[in-house]
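The next part holds the structures, each set out as structure tokens.
Okay, so chain A shows up in both of these, paired with chain B first and chain C after.
This part shows the complex of A and B:
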């Protein structure tokens, strides 16, 4: 069994247990790499308590205007697709919050009045937690796009098993996060909310040509719309984790269930094996 | 029309459960689902006799005309989003990565690149007598969602005169959809979960709202799952001077309610009364902020 594998854990809906599953899977795999791509609200470090060995600030380029060179010709204002520039009288204003850092304005300014400057948007840390390599990114508060931070996190190639803790949703951050994944594990809650968002991420991963399977979390007596969705769409279900007050307690205190309880070590070790098997097969798309 | 936005930082703390309960209690005439990445409010909002759909266009995407392209590589060099794909000397655009800036088009001397509008989703406006419910469906892979959130909110403008309060269900995180949803609201109610992750995420979203000068109130959902951390959250609110509007206990019945398309206050739940208290306190806080 080949063990070089990038596994992304995602869900669409928030709070279904992505981090719980990611950190426990990573902890059960020897010498693996865990990457927290939920850069808006990263939590993996709370569970894995890594020793941080390196920290790096991530920058984005934003234009700065030299008013002495600017002739207020308005070319940049017209060209900017994001409405990040505006002329008020002869003054050029720049709105960093909506700037996508594409660099076009500087390129087309004949007066060279717009210079791209490095602007910090967040950071990436690297460390170790037992045998695990740990990476996590954090976006600065007030920034709008964490895409460059996620790109930095996923730039390096790693040997062995890589577990990626994905952000919630199904937008650009998730697309960026799972772009290089070999396999997507979709964590779903037993509600119509969970099932609806499962359907959305299932559509996304299918569009991106990724193999995937489902883990049912917080299951309880009664109907499970997520399970029904998976069965109806021939999505493989790799496991089912019942709602358990004790597990909820452990997680709320950011403790690793697989280290605290033998039954959870067994569950996540088995899940890891299932994930690796499923990502090996070529049938599940 | 005053706007209350429900946020949480962390996902799955119960934003939609709180929003749908508040909508019911308020008999709200205007409400919206700003979580366009993973919308769910429509699943517990009942049937609407009328529904208007409108195409939503995000930013245009670049397209390369293979016949005109001379393979000069300029587009590849300038693209900041790694959206130009080169395969066997052929140039094309990955529409998922393209953000629509048109830098490539500007540098293409062969005029091979044009920008094309592409539908990125659908806006829905549901009406039931004078009730307005705005939501959207994002087309998978179309990316940036902040602009769509702004459009969802704009659709409520028609209810401005009739609705006293608009209730907006937000998205998790603190990035572009959250920033777009925060703009112009009168109060952000943070639904926190009593966990170490929950408290860490709460602090980040509170700071985000503060930076945009939006007043904040806090409530805790599933408070009995970790009483110790719940009281840490209450202490944090006191220290920060944030109004704490209530705590709702965990109840497995909430799952049943959701699956029946109902709100928490429509079923027999130990959380119903606490939810009502939180609603009245939230309105009170809103009025105090507004000097009403």
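This part shows the complex of A and C:
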């Protein structure tokens, strides 16, 4: 069985347990790589406590207008899909925090009045934690898109198992994060909101042709709308992690559950095996 | 003067929409001709930068003033660049706000907020 595998852990909403699952899966895998792509609030480092060996600043581009060349034709304003430009009289206004750095405005400006300028948007760090290779990205406060940071984090190919801690949601950042993933583990909460967000990520991974399965987290007695969704859509459920105050306490103290409690070591080792099996069996289409 | 008001419905009796950028309609009222028209806000469902696009569309209509409850800072930058007067809306219908405008009872808008830019 080939063990080179990229596993992305994702969920529609924040707080479902992506990091809990990612760091524990990574800690149970030997010689694996953990990559924290949740660049708006990376927290894998709190649990894995890596020794950082490298740090790199990541840049993005934003347009700057050369008023002497701009003829106020307004084509860039109409072309911008993000409404990051406005034209008032002859004055072109640029709203950097709304700009997604796609570069279209510069590309279509016949006067070449819009020049793309580089500026820092965040950083990536690299290090080790026991036998794990550790990578994490962080976006600067106030920036709109971490796509270039995620691209940098996922640029290198790794041997062995790669566990990616995905950003929440189902937008551009997640699309970028799971682009090269072999398997997506969808972590879901037992709430209507949780099931709604599970449906959104499920739709995304289906659209992208990704193999996936569900991990039910914080399960309790009573209805579980996420479980109902998974059953209804023939989504494989790889495990169910019951709500446990002690587990929450371990997490809030930045401790790895799989290192603290035998019960969780077994759970996450087994989950890792299930994930590897599930991604394998789907491969043999 | 020509004034724009974010509107919930296409009627002068309508309430002013609490959102500037995502209002479904704008009432465009010409105080000299004493007539009103309603335009749809094409920016209302925009995933991001709705205020900017809405302000751009109003600036293109050559209006002189906007009556609104509140305004995001990006939309405010566009309207200010277009030298459009920003007036604080009263919790009354569009028609009653226009009456107050004509009686010079509306004050300048003080409520420019940082906006909710979440376009990704």
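Some points to look at:
We adopt the following convention: the second predicted complex is superposed on the first by the 231 of 285 C-alpha atoms of A that agree within 3 Å, B and C clash if a C-alpha of one lies under 4 Å from a C-alpha of the other, contacts with A are read in each partner's own complex, and residues count from 1 in each chain.
Just so it is clear, contacts are C-beta pairs under 8 Å (C-beta built on N, C-alpha and C of every residue); 3 or more make two chains touch, one makes a residue touch a chain.
Quick caveat: nothing in here was measured; it's all calculated off a predicted structure.
In the superposition on chain A, contact is made by A:171 with both chain B and chain C. Looking at the shared chain after the overlay, A:87 reaches chain C, while chain B stays out of its contact range. Of the two partner chains placed around the shared chain by superposition, chain B is the only one that A:196 touches, whereas chain C remains out of contact. In the superposition on chain A, A:276 makes contact with neither chain B nor chain C.
Once the two complexes are laid over each other on the shared chain, residue contacts for A:253 go to chain B alone; chain C is not touched.
Set against each other, chain B and chain C differ in how many residues of chain A they touch, and the higher count belongs to B. In the superposition on chain A, A:145 makes contact with both chain B and chain C.
By the touch criterion defined above, A:208 reaches chain B but does not reach chain C. With both structures placed on the common chain, the touch criterion links A:100 to chain B and to chain C. Touch criterion not met for A:72: it reaches neither chain B nor chain C. Comparing the two interfaces of chain A, the one with chain B and the one with chain C have residues 82, 97, 100, 144-145, 171-173 in common. Residue ranges on chain A touching chain B, taken from their complex, read 12-16, 19, 38, 40-41, 43, 46, 61, 79, 81-82, 97, 100-104, 107-108, 139, 141-146, 167-175, 189-193, 196-197, 200, 203-204, 207-208, 220, 222-223, 225, 243, 245, 248-249, 251-254.
If you check the complex, the residues on chain A that touch chain C are 77, 80, 82-89, 91, 93, 95, 97-98, 100, 144-145, 171-173.
The part of chain B that touches chain A in the complex is made up of residues 8-13, 16, 35-40, 43, 59-60, 78, 80-81, 96, 99-103, 106-107, 138, 140-141, 143-146, 171-179, 193-198, 200-201, 204-205, 207-208, 211-212, 225-226, 229, 252, 255-256, 258-259, 261. Interface residues of chain C, counted against chain A in their complex, comprise 43, 46-50, 52-53, 55-56, 59, 74, 77-78, 81-82, 117, 119-120.
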